[in-house]
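First chain A sits with chain B, and in the next complex the same chain sits with chain C.
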Partner chain A sequence: MRSIVVIAAVAIGLFAGMFMMAFFMGFVNQEIDAAVETTLSHVQIHNPAFPDDKGVSFTIDNGLAIVDQLRKDINVKAVSGRVITSAMISSSSTAAGVEVHGIVPADEKNISDISQDMSEGVYFTEGKKNEIVIGKKLAEKLGVRLHSKIVLTFQSKSGDLTAGSFRIAGIFRSRNSGFDESTVFTRFDDLALLLGTGTSMHEIAVLLKDGKMAGPVANELKHLYPTLLIQTWQELSPEIALITGIFDQLMYIIIGIILLALMFGIINTMLMAVLERQREFGMLMAIGMNKRRVFFMVLMESVMLTCAGIPPGILLTIGTVEYLAKHGIDLSSFSKALSQFGFSNIVYPQLQTNMFLPITVMTGITAILSAIYPAIKALQFKPAEAIRKI
Partner chain B sequence: MMYLKLAWRNMWRSRRRTLITVSSILFAVIFAILMRVMIIGIFDNMISNTVSMSCGYLQVHHIGYWENKSVDSTFEENPKLAAVLNQEKEITAWTPHLEAFALASSGLQTKGILVTGIEPERENMVSNLSQKMIAGKYLSDSDNGIMLAEGLAAYLKLKLNDTVVLLGQGYHGEMAAGKYAIKGIVRLPVPEMNKSMAWLPMAKCRDFLSTGARYTSVSIMVDDRNKLAGLKKRIVSQTAGDNYEVMTWQEMIPELDQLFQAKMAQNVIMSGVLYLVIAFGIFGTILMMLNERMHEFGILIAIGMKKRILSGIVVLEMVLMSVAGTILGIAVAFPIVYYFWVHPIHMGGAWAKESEQFNFAPIIQPSIAVSHFLIQGYVVLLIAVTLSLYAIFKIHRIKAIEAINS
Partner chain C sequence: MNNIIETHNLSKVYNPDTIPVNAVNGVDLQVEEGEFTALVGPSGSGKTTLLNLIGGLDYPTGGSVKIDGAEITKMSENKLIDFRLNNIGFVFQAYNLIPVLTASENVEFVMLMQKKPKREREQHAKDLLKEVGLSDKLDSRPTELSGGQQQRVAVARALASKPRFILADEPTANLDSKSTENLLEIMAKLNKEDKMTFIFSTHDQRVIDKAHRVVTLVDGKIVSDTKQ
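Then we have the complex of A and B:
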């Protein structure tokens, strides 16, 4: 019975550590994905003068060629070239400053999931001209609805003030209401025509198959195009990198606390077990087992129990994570406040197989260390008294 | 009463056994508390750092200002409001702002920026602006100059003591124009902000915008962010009729709130895992204790004690030990947490590097809100008492003769 308890404790401890890790990984990746897949993408390319000024003339040389080249890159999942300008958007009641993204819907759909966050209307329909997609917050501010007409006013490449009338084809709602209020989407061609920029583009966004390759891919691109500004998502949005960085280290601390709790649990159980066997130890010592051997016996029992506990722990972890990786843990069921935001917050824990070993080792060491104190206690029994204990 | 006496005596019959059981609960409580206060402390810090640089925990402004930030949506400087804010003990600092969109020009370049009129001393208490300076001197109330964000100064190709021209639209459509010498340069961690912000002393800003004694907003920092709702109500009721709107940070930056709600939900799962481990630790102890006393139980039952009463006494013992363990756990945890509250833990590595870019101190400062101690203690107590009910099950299954021989 006691063996089963210790084995179970070790298994649970192992499960706890690994599950936490998987959960954290899943969560952090979800955070990153949320930002990357809506606005940031993994890597962005600009003309170096563009980010400061967003001037119409600061386009990327050979933009089209670069986009084609990137599509062929094995690391790249999707590429989208955009023409961007700041503009004033006006409805019949008010006006506001926005950033207009002229996009190619087919490309943009692959790189940003704004197209899936449509709360009304359709993203873009083939063949229709001068459609615009705006955020819900902006629609409210301007007092417009689906199919309303708005006017975009901006400065063209030649320096003239130009305006175009667009019809609202769709309204989107993302996690970031600031983004909803300040960004609008039109067709690349429609905007380029008004700006007079032809096929030139201001921004190339790249989505990679593996987000961790952002750094290396960016470096590679810097070599290929030394005149352009190439930034990873971390450089574009250091706040996200900050939060994820903090939680990385936090994870280790949390796991540390869990292992400590495990250690105390095992110490107590082993201690009780040793006390329970006082008579047995007394007998052994009385018939001549020396103290060193008793100590090692207790320790060895601990080692074996730990080893027995590891496989069930691993199995439990794999089983749980596999199941949850498919169904996800719906965080909003744990937090009423979260569900009112209306976005599903489902975390898919992800197993990190390279973490198996360190955590198993840590759990094993914890279990064995916990046995030391009880083993020492066992040595303190006086054989003569111990035999008489009931 | 007899049962209580019996339970009490049983406990002290084997000091060692009682001590071990109590200590398993004690440590469980300590760990549960430590993890909770640490995480909450980190959250509190994050929120505090973020809102101190932007909107404050609470903000007072003219009705409609947040939706439509225009210079015309300002409110008069009001000694009554100042008195109300100064009186509130919850408020640790407050600072007024006069903000407007303007064009900044250096002759070579022009850029749209956000210019903010500040009261330097107050501003510093809220956002630590002076710590973020990288060149020049922090503004004083009577200064004539302007402070620019690093990225903005670089874009305009300006240095300290150069002149920058500001153009904009002032109150009620008045033309706003002014020329200012750059007295200081500030580095902000968020690139967007670093490229577009400038600060003027309040008096100069008012001249620029021709607003007279008006503000666009007053940002407020508080001691305990859980008391915001009450504070907001009090401010609203005491300034009724002044056309103010008081908004909490959750209303102003809902994205931040959502992020933290998500982290809190995540915390529920993490705590759950910890409780699981704790439960096992406690259960192991209980199991062993029952095993050890099988002989004793067997004899008692053999001589006629009803199982019902025996299990009642045993559960009573465990409840007493659990309560003792919980109370002691809270008592021991408090000085530890308090110590780290006064001397926060400094983190190294990637955390430190990232945080310092943001001018956030890379520390873990646990929360010392008493509610955490009590709640965690209560949860562990609940776990312990529930597990001790296992004793009833075990005792019920005792066959006297086997038990006596164990």
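Then we have the complex of A and C:
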């Protein structure tokens, strides 16, 4: 029974450690993927002056040629050119400040998953002009519904104040409520016409086949277009890179706490095992078992119990993570807080084979360290006294 | 005959700083090779303490113990453990076998610590268990054996290291009369045929009757020492 407790403690400790790693890895990777697939993409190209004040005149004038060139790159999965401006959006009852993205829906569908987040209506109708797609939260704020008319007011390239009337074709609800409230989409041509930017673009978003190639592809583009600003998603959204770093540290802190708890669990059980067998240890020492052997016997018992606990721990982790990777972990009770930060309610843990070795080694070391104190305790028994313990 | 054990003015005081108890008080005892000696006396007379001191399981507060001329009371703890392993066999009142090992493995265990080869261990264990009448119980675990059988395994274990003598603390205290008789016969046979020296503490008159020498202790002192 005692052995089963230690084996179970090791298995559960290992499971907890690996599950936390899988959970955080899933959580962070999901956030990176979501950020990349919602707005960022892997690489973005801008006029160097654009990011600072988003001035309408800071365009990429040879944008169409760059887009065509990028489509031929074997690393590129999809490209989308955008015109972007800050605007005032007005309904019959109220107004709000937003960022308008003029996009080519067919291209944008390949690069952003907003088209899949439609809660009402459609993601633009083929052939219809002056349609707009807005977020659910903004619609609620403006008091508008599907097919309502709204007015966008902004400054054109020439500096004139321009307004355009748009009809709501669709309402989306992404998992980032902040994004839903502040971003709207129109067709590229409709917005470009009002802004007077022609075929020029403010932003070219590039989605790669492999996100890890963002750095090399960005470097290549910097070489090809030295006058433009080329940025990877990490540079565009340092907060996500920061979150990744924080979660990495948090993960190790939590794993440390779990291993510490495991350590105390094993110390407690092994200490009980040693104290309960005081008479046995007394007898072993009486008949000639030296202290070194007694010490290593307790240590070996702990190591062997740990070795017995590792396979069930790994199997439990694989089984649980495999199941949850398909069905997800529902964190909807924290949904309000999570959505404000753009985090998903459902987390899909990710298991990576390179997790097994470090966690297993750490668990093994913890088990060995935990056995040291009980082993020292066993050495302190006096055979003449220990042998008479009931 | 040579003295195998010699104690000189041997004393053991428990709780010397609070309420001192003189468990053994100035004992001078010589035991010759091949003796079959019983230590008798009322409870608390110091029998077990004297056996522990002779067996090197405890250090005295005064005096000395010499085994074959070697003063064990001056040995370090580690050296004493090695000395016990190679020179002294123990039989305990509660048998104290290792529950997860078979009878044969229990006997082999001592030889394992002496780093004897596997084949020699197995053969010697088999011979010893045969000698104590348990050749059909080699693979039985302690829980599958009666009290008397367990104590006979303990005797075989005590003999396994080929010790100079065997110390037995109340070896028959937990046994019925038939098992006691059986065990005594085995011990007497080992003493007679193999010249194995036995010293045991006991209250049991049947054991006392079998002993060649009876040393009586009262309040930690030897009050009589008779040969019979």
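Criterion: the second predicted complex is superposed on the first by the 290 of 390 C-alpha atoms of A that agree within 3 Å, B and C clash if a C-alpha of one lies under 4 Å from a C-alpha of the other, contacts with A are read in each partner's own complex, and residues count from 1 in each chain.
Criterion: a contact is a pair of C-beta atoms (placed from the backbone, for glycine too) under 8 Å apart; a residue touches a chain by one contact, two chains touch by 3 or more.
Computed from a prediction, not measured in an experiment: that's the story for all the values here.
Legend: residue contacts after superposition of the two complexes on their common chain; A:216 is shown touching neither chain B nor chain C.
Contacts of A:275 after superposition: chain B is touched, whereas chain C is not reached. In the overlay built on the shared chain, the residue A:358 is in contact with neither chain B nor chain C. Judged by the touch definition given at the top, the superposed model places A:198 against neither chain B nor chain C. Contact comparison for chain A: of chain B and chain C, B touches the greater number of residues.
By the document's definition of touching, neither partner reaches A:143: not chain B, not chain C. After overlaying the two complexes on the shared chain, residue contacts for A:285 are found with chain C alone; chain B is out of touch. Across the superposed pair, chain B and chain C touch chain A at no common residue.
Per the touch definition, chain C reaches chain A in the complex via residues 52, 55, 57-58, 77-78, 81-82, 84-86, 90, 92, 94, 96, 98, 109-110, 113-114, 157-158, 161. The touching residues of chain A, when paired with chain B in their complex, are 1-2, 5-6, 8-9, 12-13, 16, 19-20, 23, 27, 52-53, 141, 175-178, 238-239, 241-243, 245-246, 248-250, 253-254, 257-258, 260-262, 264-266, 268-269, 271-273, 275-276, 329, 331-332, 334-335, 337-338, 341, 343, 345, 347, 390. On chain B, the positions that touch chain A within their shared complex are 16-17, 20-21, 23-24, 27-28, 31, 34-35, 38-39, 42, 46, 67-68, 111, 151, 155, 189-191, 195, 254-255, 257-259, 261-262, 264-266, 268-270, 273-274, 276-278, 280-285, 287-289, 291-292, 295, 347, 349-351, 353-355, 357-358, 360, 364. Listing the residues of chain A that touch chain C in their complex gives 279-280, 283-291, 293, 382-384, 387.
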